[in-house]
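Structure below; questions to follow.
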Amino acid sequence: MKVRIQKKAFDFGNEANIFATNQANMGAIVTFSGIVRSLADIRLSYMDIEHYPAMTEKTITKIVNEAANRWSLGDILVIHRFGRLAPGDLIMMVATASKHRKEAFEAAEFLMDYLKSRAPFWKKEVTKHSRDWVVSKAADETALKRWR
Amino acid sequence: MIDLLYFASVRERIGKATETVETNAETVSDLVKELSEREPRYALAFSDLSSLRVAVDQELLDFDASLEGAREVAFFPPMTGG
Amino acid sequence: MKVRIQKKAFDFGNEANIFATNQANMGAIVTFSGIVRSLADIRLSYMDIEHYPAMTEKTITKIVNEAANRWSLGDILVIHRFGRLAPGDLIMMVATASKHRKEAFEAAEFLMDYLKSRAPFWKKEVTKHSRDWVVSKAADETALKRWR
Amino acid sequence: MIDLLYFASVRERIGKATETVETNAETVSDLVKELSEREPRYALAFSDLSSLRVAVDQELLDFDASLEGAREVAFFPPMTGG
């Protein structure tokens, strides 16, 4: 189980390969990665991601442990960036390994649902003319109901 | 003495990221009331608690949570990670 | 939309990176990859994957088109190998790109569920002492009900 | 004239991967019956149709499917892709 909160960019494919290679007895690997959308209509200049350092890793580790308890997983990886990101940049990724695809998929969705509305990150979209905090969606809160 | 942390839009409204306060507030709600009476910008930042979240010692809790033994309280809008 | 049926190995991380990089306006990328498990208990020597060439690409393309109709996706990639594979080798991968994570996840699971029991591949597990065709699981047929 | 293709365990039981037959069978079931009467290894291969799948011209169909205009019929066990 690995959780990395970092400012610097990471290589999604390389991380995914390292993760997959270390799964000797796991047949199913699922990854999710989130990318800063270019948002052509508002001409996004960049995205600023603020976080709460003392809480971030603690919260994500708790979510990761919860996933490890609910599903039979070989491994879990979570990487999440903060700071200034350009359109097209990777924001974060999760990876899960399991013997069976259903568990790998479910655990990855669980991680994403909780990261989305429980990990202390806040995104701001900056254009030439505006600086707006991204507003959380009611659908993200609703998504958590699936896991209760 | 409790450390207060403000993030994202809350930080921008209150105009600072951290401060340390002396308080006898027993719950987060009491603390919010105290702060709101201090200055209009706090009152504004805390005007709609349903759109805010609070963490006591890095744990997400409700506004009626006790402050007994608390060292750090953080206020922020709903998270938008992932 | 890209479908590749091939004997030769592929680099999962590299394919995932190329796929993700080409998604200018998609914020969510999901990948699934299937790996030959080492199956320590039976000491797997290798896996042989047989397929029905005239039908394989046709069937997978149909499944991919169905996914493209059901969800709003920026792109889909499916790579599936045949022939002899060693423990730890990648068997296949799918990748989906969408604006929203829910659609990217659902489409990837849909693709996997259909590939699993509709694409004409048959796996044989070979050890020093046995050569057994992998038997399809009732659960794989049941999984398809979710999409009807 | 129809091309017959056998895959995986069906191929191994029948002992060949392809053959071409002359038949008047109207449905896949009729064809299976014809083949099963030919030799025991066909009868064995087709003894439990519930554990077999059939594709007519590369399309997965039921055993009662018509063979009208069919050029290629393939028999195989349930797929195990992915």
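Details
In this document, chain identifiers A, B, C and D correspond to the written order of the chains, with residue numbering beginning at 1 in each.
Assume a residue touches a chain if its C-beta (ideal position, glycine included) is under 8 Å from a C-beta of that chain, and two chains touch if they have at least 3 such contacts.
Everything quoted here is computed from the prediction, not taken from an experiment.
Centre-to-centre spacing of chain C and chain D amounts to 26 Å, using the average Cα coordinate of each chain. Work out the mean CA point of chain B and of chain C, and you get 48 Å between them. Averaging C-alpha coordinates per chain places the centre of chain A 23 Å away from that of chain C.
In chain A, the residues that touch at least two other chains are 34, 101, 112, 116. In chain B, the residues that touch at least two other chains are 82. Viewed as a contact network, the protein chains form an open path, each link joining two chains that touch.
Counting only pairs that meet the touch rule, the chains in contact are A-B, A-C, C-D. By the touch criterion given at the top, residues 11-17, 20-21, 23-40, 88, 90, 99, 101-102, 104-105, 108-109, 112, 116, 143 of chain C touch chain A in their complex. By the touch rule above, chain C contacts chain D in their complex via residues 34, 50-52, 54-55, 58-59, 80, 91-92, 112, 115-124, 133-136, 141. By the touch rule above, chain B contacts chain A in their complex via residues 5, 7-9, 55, 58, 60, 72, 74, 76-82.
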